[in-house]
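Shown below is the structure under consideration.
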């Protein structure tokens, strides 16, 4: 997962890009970068680290120009090579080309090997360079950048929200299933595209609309123009954007994320009510869920765990004996709220289960009588091939393990995951318009060795399946 | 305001001190330091910056020893001199002496000039060095450190929670009014003292009790011993620890801070109910207040403002036109929650009023129909001489300005501050046991040019007065 | 100008590469990088800055493997893009490919545009990527890497000392004219190639020999093998390596650099003797020249200027009035040596003349009676297209300006440049085996708009010409 | 050893202090600091590190004022505490007082304990704070600062060159023996004092004269005034300033350091001639000696060892096998100059002998036929109590070990130290005016357990003794 942004504004873009990336920092904390275009020259800065570490006033002042793109990258398990930091910048035939990408191609190996057969070499290990290579080649044969992107999109399979800058013009496009978000805004003297609407809010820009799946947008000093490149019967919006990735104050494809999470909280109560004296989120991501659960159940919302805001990447992890207590540095139970109480904890998801176990143990240590765990997503049982860095099936606690066993592993008094039906209902989208691959093992496009486009949702042999009515 | 900690534990103290300071980081982000004592030698490291910036694994490994003290400092308006970073370390007559201090003396100028008359010079501009100088001098005339501290405490006027380390023994003492907090805990192989109980929680140590006002504690490898140095008829606990300074998960003088804030929220509703569709905190400090207000009023608690967690000290403030939008980088209104709605915003306090005004303007810009501001403290009308860095009377928006005028200045539809009576009731302490100086202009000890020990609470000529029934 | 190194040694290479780069740091202070290959994976680190700033023990420990290459880059006037930092790393068809390059191609624009016509895009603005692209493409058609490099070398025009690493095997090759240096050494458990022999000295490795112009070397865990790819009638060794670039303790193409400089000093005396009381180098580069001049003339060698060793890249340049004194921070005249004396100053070269002027003024200010300037190279009158970052013709003080005018501009009492004939004789190489392009305007290979392969050396119309007897 | 500077100049002093400290950086690389005084306020910055690391333009711009003092500190074996960084700053009785010190007191323990008996405590472990405490106390009893310093100097025993700043007036004083250097200069709009004359050169200021031993100088906006506080029959100038500490371009007490070193080189040849083909310095400090030896002997001066300029404090020392080769990273033998040759190496001194041994081994490894070691100082046989951080007697290779044994230990073909008589003659000072304690074990003032004021120079029982004719 990454955050991307592109701005064309006559007043200069480096500072607005910097502020927009701050609003998107939750989508990636590993590296950050900005490329701007000014009078035929590219200006670029990117490095490992948080935005606040990568940029300073001097650097931003050097990044002149009225057009630019930016990127924040999530740490992934792949090779950590400085070359992979985005924006990627290329030159060919007098063109200056920069590109940022959020998503993951499922056919990048096949595509890159086609090019390598003709002698092409790749400077990075990113899908992004594959997309750039295709666009560049098609551009030599096409009459326009729009046509080149069209031809490129025919070849790509997977998730891709892309912002490219060719000689000072911005081109943004979103894959036909719209798996990853991308939206359009109006700045005071221009236009912008960004992963989430909060980037517009941060700039005081006006959110216009989400980009449509399969749509191509062109922004330059003249203004903005749109073109629908491909159309699909259904979309494949990533359901985890609503559950976890996006900021709760973002509106993704017409739906306020916070409200989805609150509704999930309400439905969690309806699906699995519990007699308890306090409902507490696991901070920060559990808050919206917990307010919904509290309202629906009447159980008072109280913070039972307080997060230490100062623990970041440079925190020195304790060694030996202290290590098991690491989670207590980050989350401090409020004894007065939980001692002797039956507590409902709400979290967004369970991946490996180790952190959940530690939190529950800690809450008990501070005197909770009962700990009931409620989870804002169904069990994660399958990998994601479309942009999320999930562990392999084996490491997922819910893989081939029914909820009762998971409950016992994390040592909760009760455990309930929201049902897939309820989750989908909470998003307001039709089931066939969402990608729930990691929850069902069934994906909205063909992936080798996996099932796709299933027609119903069932829990069979420890696996959810989505049955789509197509 | 500062955070202090002292630990004696056979297993080594530098890493525990580091973790304890992380739990106290909210009490001071300007500088951090640790001194340890090992086999007759002092080890010390301190510098400007957050704990995460000041310390690394190498430095902590150098700080050997089973006894040590630590400090985090709040930015104050005084001279910013590196010498002022604490712990302060001294040597005299073969002794090695380190000291940390939270609080503010009101007679430090007089005390220091007494010493200067005898030729003493001061290396820092801190009260802490004055305390150290007195202890050192008394020690030359006394038979014990306990006696020297006793004599020292007779001279000091003001607030002082102090942890000192003399040749590897820890001495902690709290002023007779107990203005600033200090508490005792049991580590696995020793004991600790710290500003707040969350430091114990972070280490998995056991919170034992608050130190009593006027009490002296001695900790060494043998164990812990206590001695009541002075007794007062009443105490003067800082009421703003409950309102704002302390972490909500701390227990201060027997009272869980979170619960005080929640109760204030409930009483705010009772004192000033409002017809509204959403009650939202100003994050982060308003949350506990808002849950109380929501529960008492039945108005749904929803986050109407989302805080950007990544904006810290290195954030580059926008220039010119963008500057007025700085607050929007930190706090993003959730349009879906507030557009067309009547919104109650709850904040802990109003100081100058400028930030409140910007927040209210921003919430209106995102469509709020009405904005009702509720504040968890009475108007701040007077300076603090006892450890809090408040602006001068002139800069305080509530100084000589009745609430209606403040309401109009911050452009709220309605404004209500909690009443002083309700606030005191929420803390569970007797009025005569609290310092409410900044709210009343009347202080629990004599301060030149100010009133002290008043007997009732009244709003007279734009000023609150507390009338104590002693 | 850059410094490059490649090592294959069973004992691990990251620390040896680091030490070798330290020995080559004088060839480039702008950026540094190392790539290693271990068990099918590439490890890479590179960044702006000196080696000491770019690497630390942790980073070097991560760069595992028994094969690796490294690079230090000189600041050039081109775009300063982080992508340009070397080694460049590429992947194609399962291969992992890294490359470093010292030199400059004169046909890179034509070569890159050929590739761009076929849709290739370039991620950097370096010649190095062009070389990589050609090798990769040829490799898809060739039976071996040796053959691919052979085909590549047919296409390249210019100077190129290259070290490439393909899947853990090192390939080093030097252009047919051998313009930039490259030499081979034997480490304890393997082999190495590097720009200069001092890299071998630093590691305690054995210097074996210079690589021949047009030669290709292959190093892997099996050992080393050589192949002569192309042969030329004459070579084009860069004469400025002897005058300025190389460390004086390096042996370049069989000749100790220090001795060349000392001989130049002797000949400077023969060509332009002067009555003087002291001969002093302009430190550091003038020392060897000055010892030669002193020995030949009998005038005592004394340091008349002492260099401040601590002034580096982060030195804050004085503003306004102090600026003209900046040179005095770096070079301090020894009043006792020069006051009232006739002083001979020896420097390696004059480029724009501004620094020379300031030094001479400073020496006079400290009391020198006369200042005679002697220069270890003939006037620089033309640009370098082959790897040296010289200013344009217009900025060169000697362009279209006879020595007498230069003498007056720099305010010396007398000025003498070594003659080209003497300089060439000092190197021990035949005139037709040296590139003296910047001194003659005549280059050893065809460059558009410039003369090449001239047959004599003459000063005609303010321009030196070399007349080669071919 | 440390470097100190004070400037009063109407045009502002922070940048001039910064440049002056750069010129004195060789006197201390561990920490640096500047204090300035402006309109009643002290501005101060100091930290561990080189000047270039400690200061930047922002910091210097904050240090406003037309009076200031600065310090660079040498690493010593004592406790490395940040409090010890100078200038030390104090406040007392409305005064603002800063102080820097180069030297070492021999009675500081007794002095500090006197103060501690009266209850005084010390914030640092430096002699400097003791001096400050005495001045402050005397000032309360005296009518003037001059008188207070006078009284203070009566109490101090040892070496002390001090610059103090009281409320914007600079006071500089030098101990009665003048052990450490201190000199006066004229800036464009004011005056300055500094450890060495090179600080004046760097600023383009005019060197006026050395301060006299026992002299006190006062500088303020009005100008400069002098007063002779004490007079001695003889002085005790540190002979190692001439041999090693001072920059060779400094004039110390009327003598150009470079010339002393050159004369020593000449006398080394007279005392111990050798048949050799090359004379080379051990860089950097051996150069002046070597030029003298070369001139006197006719053996050509050639650099046989080239120093790598880039190896600084952050250089990562090799581990294990490579460690013995560490010296070869710093000093690279020039094979062409030494292979098969008889080489004379000249160094300033031998302390433990380990580095000398490694250098000689290295030179042999590069083919030297014979290595003759010549040393610019007599054997160091005793500790320094007056400001130089020498190892204990036991660690000194020359302690109780005659030169023949040292020669064999360092594996030289011959070894000669300059005789003490010749060394003294080279300085031009009378024997009774120099401190040669580390060379004779006899000191110019009384030190407990050591001899003082001896009357002749003799080598008796492995120890030099100086016999003074007083």
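Each chain carries a letter (A, B, C and D) given by its place in the written order, and its residues are counted from 1.
We adopt the following convention: contacts are C-beta pairs under 8 Å (C-beta built on N, C-alpha and C of every residue); 3 or more make two chains touch, one makes a residue touch a chain.
For each chain, UniProt lists the protein as follows: A, B, C, D = Amidophosphoribosyltransferase.
All values reported here derive from a predicted model rather than from experimental measurement.
For chain D, which other chain has the most distant CA centre?
A
Return the distance between the CA-based centres of chain B and chain D, expressed in whole Å.
Comparing mean C-alpha positions, chain D is 48 Å from chain B.
Can you check how far apart chain A and chain D are, centre to centre, with Cα atoms defining each centre and the answer in Å?
Each chain's C-alpha centroid was found; their separation is 61 Å.
Could you please state the distance in Å, as a whole number, between where the Cα atoms of chain A are centred and where those of chain B are centred?
38
Where in chain D do residues touch two or more of the other chains?
none
Name the touching chain pairs, please: which are they?
So, checking each combination of chains, I get A-B, A-C, B-D, C-D as the touching pairs.
For a test of understanding, state which residues of chain B touch chain A in their complex under the given definition.
The contact residues of chain B facing chain A are 15-16, 18-19, 22-23, 25-26, 50-53, 55-57, 60, 198, 201-204, 247-249, 251, 256, 258-259, 262, 284, 287-288, 291, 294-295, 300-303, 306, 308-312, 314-316, 318-319, 322, 325, 328-329, 332-337.
Flag every residue of chain A that touches chain C in the complex, lowest number first.
Residues 41-42, 44-47, 79, 81-83, 88-93, 97, 112-113, 116-125, 129, 132-133, 136-141.
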